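Input: a single structure, listed below in structure tokens.
Think of it as A, B, C and D in the order they're written, each chain with its own count starting at 1.
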């Protein structure tokens, strides 16, 4: 394992120090592992808190700032954070209008955020949670922990963040977050596995020309393994999986996301294919993101996330955002 | 039929010794636990628990819990604060609820211990919503708790009861191998989860074995020191 | 070789189509392979043109937009563009105030831009070129093609772009570009090699625990190979190489750049180390960039670029910029 | 001493045939050229030249150049437009300058060819600033042009002169193997560039060999077809 780290067990602590040093717009509580806006809570604004295992950067810390999250709680690499972090975050961001937790659907995240919700409630902070579960690769929710939360998290954080910034109340912010999740789907394809610093070994092994179709952001297995195919075919596979689950029409927001080890030039090729396939279906890409937004360390591959836009979504998507990883309109 | 000998007193020192032994067992087997988790999960179960129990040891070393309940409660709270992942809230809440069940008593009897573990199991079941056969820690803990309760209701000697509990936990953990996971990260593997031991079931065996071994160590100490006074 | 491509020889064409589809702010001439601002040239503004081999994205295409480049000319992967592209670009961006070419110092780039300069001159467009050669890994300029152009290119494009946006004339814009280059140095360290689509094989091979110290952005060899070390030690190696060549003091602009296959979390760890080392020297990081800005396909590793700031540089750095890859203040 | 036989006419068709043969040779050896470049450069020399010469063939196929100069000029311009990299401007300018040197003549003699190649070499030297021994295409081209000039000044038969040129180019390319590069991408390798053939020198040999082989093919065609008319 070759990594730019000091030691496996200081990865998150060291990276948080780097993040703090690099971004004066962020307040980083190194002790409690909470990243929040330097300017603190705004009175009357719903506080948005998210978090999850580290290794998915820029998610979530890179999305803390005006128009998006108020705080992020990074766990150890690929390990959900602990309730104390979310409790600290809730205290840090509460502006009296309550706190919305944005939780990716993994057992660990769900349980830890749930405990935090109870603890914060005990302190009189009103906390609600919304679950993101957009990964259509998980087919059978009855016999699994349910669909995983992946790319739609970025959409939920941006759109709910914009609504919160406008002063909407907790119920409204939670409702839009749920609606974004309900109208979004993702599908990922990996060309290689990631190695966590703690384990020192790749999470799975693929053959020379083999790919994992439907992979999760921690390298969870997908629907099947198959041979590498052209960008056009891979885009089609991902898009079909999404369209079969949620027939597409009208205007969509598309994210072609790199898993951390994928050259940007390849993501643009995938985007070209997605654009062509959607155009052939009469679906319009009204907004897009192409780049590394929710990664899996150095995993190679891409994930495709689509959201069926509403007028409100588009307006909130376009609203100003000023975070380390997403920034426009301000 | 067991050879009668002195039984360990289930006092605060005993519970502290149990947790200490459990922490050591987890540390020793952390790589194995993570490897089990790598096969069907994300490979962090050993690291997670070890981080948690190391934290527990720091807390127990710097506080002087007065009751068995406090020992378990501190253990639970610390696990919740340190582990993360699915197992953190599950084990953490289990230890807290077990602590609650012990009340203020400074010494616990076998039925008391059995109902504390009852409470632990119930907590995990409630929080994780796992049914028997879902290939989780529940599949080790449930039969273990059942065996302990049965032994307690038969007024079995402590060590026999705990040994029965460990045997049942082991059998339960072994039984997870052919199961298909339908809870937690392993569930994403579907049929491919078959053929692997559930890491949470494995760590449950370690923790319960530490309980039995603590009793055996204290019991045999007492037994050998005190045999002529019998 | 597993890549998200359709075929090795359509990589650049396909990616350009994707880029065009993703960014309405860009005009992409697919035929001539020129990426320029959608709004066209501004009368009286110096036009900034850069370019080079593809595979370094977001450089250069991702830096086309308000406050930075006017056009970018992407060559084949790791191959310099041809003069026709720069000529087309010069025509497209000339607003009557002349054109500045920002050229990374590689024989191929230098020659092709030089020919373009002559061709454009023949057409009556005033063109000047500035060479970026910041890579201190190349020690002996007498017996080599000279120092390679790497990370400082981003600084030159941003700072000269801001000055051009303010309406400065060609001589002034060229002068500031040269000054930024003169005050900047880079050093890169690779953990793994990149595979170009055309060759299908890694450009070099490293042992299990071996790294290339002083690597170039096309995988050119560095000063030496060595064993993997801690992030702190690697940061020190890179910083020492830079400081030995250009003693640091005062305020600096720092870029910790990912080579394409490096997790962002690791870049923040490197940034932490750089920040500590500089602080110990009494050097202040006044501005920074941490992320993938000048990549080498999926190569793993990082490069460190430092620029000794002047008041003017800082002001121009802070000036609004609105490109796909760099965006603030607007 | 060479067996006297008919000499090819160095007309427009001949120059077109040369470039066609060179393009084919580059295509055939493109992987080899790129592999040479991979060893000490960036592995694209074969791809670059093949892309360029394929473009040249398209141009020559769709235009009907009237003079040898136009053939070389079109070749040069197209290489400049298509190759990229260091070799594009170098070869491209070389062909353009060689074309210029040929003037309006529809048929070229050996001294004319020699001075065209002189001009090509001078162009590469000027643009690339490479000295002899820098491990570049110059190290193949310079001795080749010298040999050709010597043969021309000795009024050697065409094919002998071209063979001497090719032999010198080959020897020059072989001689790049022990050299340390100090120009182009290979120079970054420093001493590690020693032991490898320079790809540009190798492609120069291919292009000059195509010239000789074109003359040989036309000459032997003429020879066999026209031997009884002699």
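The working rule: a residue touches a chain if its C-beta (ideal position, glycine included) is under 8 Å from a C-beta of that chain, and two chains touch if they have at least 3 such contacts.
Bear in mind that the values here come from a model prediction, so they are computed numbers and not experimental data.
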Chain hops separating subunit C from subunit B, counting only touching neighbours: 2
Chain centre separation (subunit B, subunit D; CA means) in Å: 80
Gap in Å, rounded to a whole number, between the CA centres of subunit B and subunit A: 35
CA centroid of subunit A to CA centroid of subunit C, Å: 29
Contact graph of the chains (line, ring, star, complete, other): line
Which chain pairs touch, all of them: A-B, A-C, C-D
Of subunit A, residues touching subunit B in the complex: 53, 75-76, 78-84, 106-108, 111-112, 114-115, 138, 140, 142-145, 148, 196, 198-199, 201, 203, 216, 218-221
Complex contact set, residues of subunit D against subunit C: 34, 38, 42-44, 47-48, 51, 80-90, 93, 127-128, 180, 182-185, 187-190, 192
Partner subunit C, residues of subunit A touching it in the complex: 2-7, 11-12, 14-19, 21-22, 54-55, 57-58, 62, 77, 191-192, 208-209, 211, 228, 230-232, 234, 260-273, 275, 285, 288, 290, 292, 295, 297-298, 300-302, 327-328
